[in-house]
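Mind having a look at this structure? Questions to follow.
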């Protein structure tokens, strides 16, 4: 679960990590009022969960209250990477001497938390990582021992930070670590952490991602989930208990298991088609879930064919077939639907589908070939 | 022979009285897996499945009484960390965690703890193991594979079953199938299993089923190149997946270009591993 | 640093560990008032740091307010094992179904914390430990991982606790562990933890010992140090920066180093004498510390001879001798004083003492023999 | 030969710019100990003792530049845990902590961490090591011992020096003297050192100086009985000490009757170890 910047900023404040003065605004009037309070020179930042917000025009610096109003007008209601901007953060303008990159993240390689820092912070940090990887200091943290004091110093030393800032920098890392542990974060990132012209360290951006699996430990944080931040279809998927991701193609997919779903989409691509979605229906395939999933797929008007691919293991294929048939009693559609069943009793399952509108298929290659063909016809 | 589980496995089921635990215990039993005990705190002294399996309050007491040497975990996600610690501290050599949804930081602590212990962990969020004809530890459907000389390692669930089924349909038997699970922090990985299959006299070839994310497949490629004499066939799911939603800049700084299906396929192909384009193509690529 | 029972009880309350209602009293009037508030049936408990308080008559059960007053009168101002009772705890009377022993302590063998519990709690727990050691359940705790949930259950199971109490019992152990970690305790002990006749778990006694070395982390807890609880001579020793323990004999000892001090007392005993104290003056032996230490030794009127035993290592013996001589310029005493110097330049050091009242000795055997002889003369 | 430290020791001093650190660095240097670096965070780049020793900000940087293979710690007690972790993580094989007063729970965490690492820890609250004529690591006065064939292990400070001096006066030289310190939770114990002395070609006999508390001496007696071929002489301080103020009932439950000087002396005497009644008696009991 990704937090919006303004939410992360509140979390940082609770942990005494210095951030600029500022507040969230949902209207131009609010932007104006906050700008007045902050003395006119402000930064207006779109609150969206996608990266590259700055490059998409979602961050503007206003020198006057009038400018603030003007930029707020441009940003509020705009879309950034398909997501509507409903809120902007209005922060005081900070004059910057130096930009530092700082984060704690889950590292899959070491299977431990990793602390990363660089004195080349800012928007180009990924470029620095490619061209001068030695400029990114990385330190793995022992999850049982936690972040040791010497590691804090070690990072300060190795990013060539001026000694005057060691103490404050160490304190900020230490507090970030507490955020990471206390909130079951998978990422806490500050980019940039700046040295201001008044020689103070301040977190100018704040990115926090929480572990969805651990939200049972943090009911309060769960309330921060921003329902506007994901496409409605994904929210709908969550509601009916399936994993759904919208894609660009025209072949709807309904598969049990994430790996098998990906493999299904892969073969569609291999054959020159393109999937309209990823949909993992999970264990079994009961009639109700199949029905709700099909409605979700059909709500995308681009869809020209549907491929249902189910492995019958402990649930036998003949039972799965019955579930699918029962779901289709509730749904009327002219779109061709290919059903491929594999596993225990697959032949019996396919036989049950033979006298229906559904197109049965025995192999994945066969099923995908039919679906790609049908989708092509629909297009023509 | 086989790896990790066989006829001598004396299995304990942690969380045996839950819905999932009870259902799959019955499935494993009907496969003739030697299940010796279950654990559910507070239900010690009960018997389940018509008095076939005794339930204990703690793993240690179950081990003391029954000599269990492997454990399969079906407890709810929030209790997974504790259940693994309990099994490890009871010095059970093999722990298989089926439960999905364990908090990642819990698993990091488990993993760090395991680094100085001898217990082997499979999972969490995995289908478990199947040594056809001998033992089913987890939820892999038992009837889709028969005993043979192909080792299977997979990060996926139903995709694994699909591959087992394809082998079955082509008359190819399996020594052991290991579903290692897809979680970012987990117990045994590809290399750990490849090492065991390379040493297993009954295994003549290995099928590896990977997917996007992480760099386990790339590391496995290095291992195969340096250490494997047996042929390996691989399938990597996710070539059509859009570039992942990376987490902040940190994701890019940690992973660089690894983690994509292309990167994995290239790493494996470059050292001579045959790559299937779809699961049903796998049997034809195996030459033993 | 040992906490008094009432202080430990306050700490337990802060950690939601159930304790009986009750308060501390320093006068009979207060005892009376608290007894009234609690309805008359109370337990009056002397607040002293020595064990075996119950057997010494420091714990009395009063059935009426008058009895409470009477017992308070007997206990307050009384001495228990040499320590005056200045405070009593007045607790409501609890009717007990069962007594459990429970503690977390530092275990020297495993070098880890150890959790111990028994369903045979109460005053005879040490006897249980000798006669039925299997009735004491012991579990070592990994200091990096902390107490695991399964260990809580495991202990409840193994002391044959009724299942109805598992949840509450586990919670209490968990909270005790928090006290242990948060406060840098070396011991947290509840004996007995009782099951009341109302089927509730309650900590009827509370013993907490804190690590003196860690008190810098707990300035607030340090304020709980009870200056009345140790003999004044030991407090004085702490003040002048030496380690001092009063003993029963008549030969005062002044030694640098704890091991050497013990060895000095041992040989005195071997020769039939007895030390009046343990005094470790620490590193070096500057004139001021020697002077203050001698005054502390001489404040014990039983002392008939003094043995100074100093190893001169990096500080040479001739310098040590000068320090001792300079200290004796400030002190007048008729008590014979044997000075044994050993180590670097010991011969030069002893030579400096030759024309003084001090009795120089080259070997520990010689020095102890002289001191024991002189103390014997003084006695005769 | 000798154990743990010798001419090849390349010593790092953690806390070199503090009073104690600087004083004893000078003492160790004048004993010709090969001190290659010091560490004080925030003072990296300085040089101390007239430009003889470079100061670094971190242990890792000191190790990288100077190849230090041992560290001696003089930092204040509250920083001891962190200093040891830093040295261990820099993979220094030997860490000697002189500082006294470290919080016990800090040391428990250190000890647990060390159990899966290869670093050896001596102390805290110890006088350190002396291999006469080769290296002095810590605060044992260098001039009271000369090189020879007696190994010395001690839980005490000045009492150790007294014993070294007595050996010296009797013409007996020392291979290595190890002051393991008296803290309840510490690094190497008697058995660890006995093992090294038993294997050391230059050591022909061992002197063990114990004291009341704990049961290290009792465990050492078991070890000596089972494994030592070289003669051991012991002195145990504290026979005249009053029964210790036990901590609650817990102390009694944990320790039972062990921990007294009598218990230790009896354990050692019963397996043939000669016990000195006072330190000066030790040299006469050594037969090599």
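All chains are identified by letter, namely A, B, C and D, in their written order; residue positions are counted from 1 within each chain.
What we mean here is this: contacts are C-beta pairs under 8 Å (C-beta built on N, C-alpha and C of every residue); 3 or more make two chains touch, one makes a residue touch a chain.
None of the values given here were measured: they were computed from a predicted structure.
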item	value
Those chains which touch subunit B and also touch subunit A	C, D
Between B-D and A-D, the pair joined by more C-beta contacts	A-D
Chain whose Cα centroid lies at the greatest distance from that of subunit C	A
Length of the line joining the C-alpha centres of subunit A and subunit C, rounded to whole Å	58
Inter-centroid spacing, subunit D versus subunit A (mean Cα positions, whole Å)	55
Separation of subunit B from subunit D, taking each centre as the mean of its C-alpha atoms, in whole Å	47
Between subunit D and subunit C, distance of the C-alpha-averaged centres to the nearest whole Å	27
Per-residue multi-chain contacts in subunit C, two or more chains	142, 144-145
Two or more partner chains touched - positions in subunit B	109, 113
Chain contact graph, described as a line, ring, star, complete graph or other shape	complete
Residue ranges of subunit A touching subunit B (in the complex, touch as defined)	51, 101, 103, 105-109, 111-114, 116, 125-126, 129-130, 136, 138, 142-144, 181, 184, 186-187, 189, 191, 207, 209, 211, 213-214, 216-217, 247, 255-260, 262-263, 265-270, 274-275, 278, 311, 313-314, 342-344, 363-365, 368
Subunit A-facing residues of subunit D, complex	41-42, 44, 57-61, 79, 82-83, 85-86, 89, 109, 113
Complex contact set, residues of subunit A against subunit C	144-145
Interfacial residue positions of subunit D with respect to subunit C in the complex	27, 77-78, 101-106, 108-109, 111-113, 139-141, 143-144, 154-162, 165, 182, 184-185, 209, 211-215, 235, 237-242, 246-256, 261, 277-280
Subunit A to subunit D touching residues, read off their complex	142, 145, 148-150, 153-154, 157, 163, 166
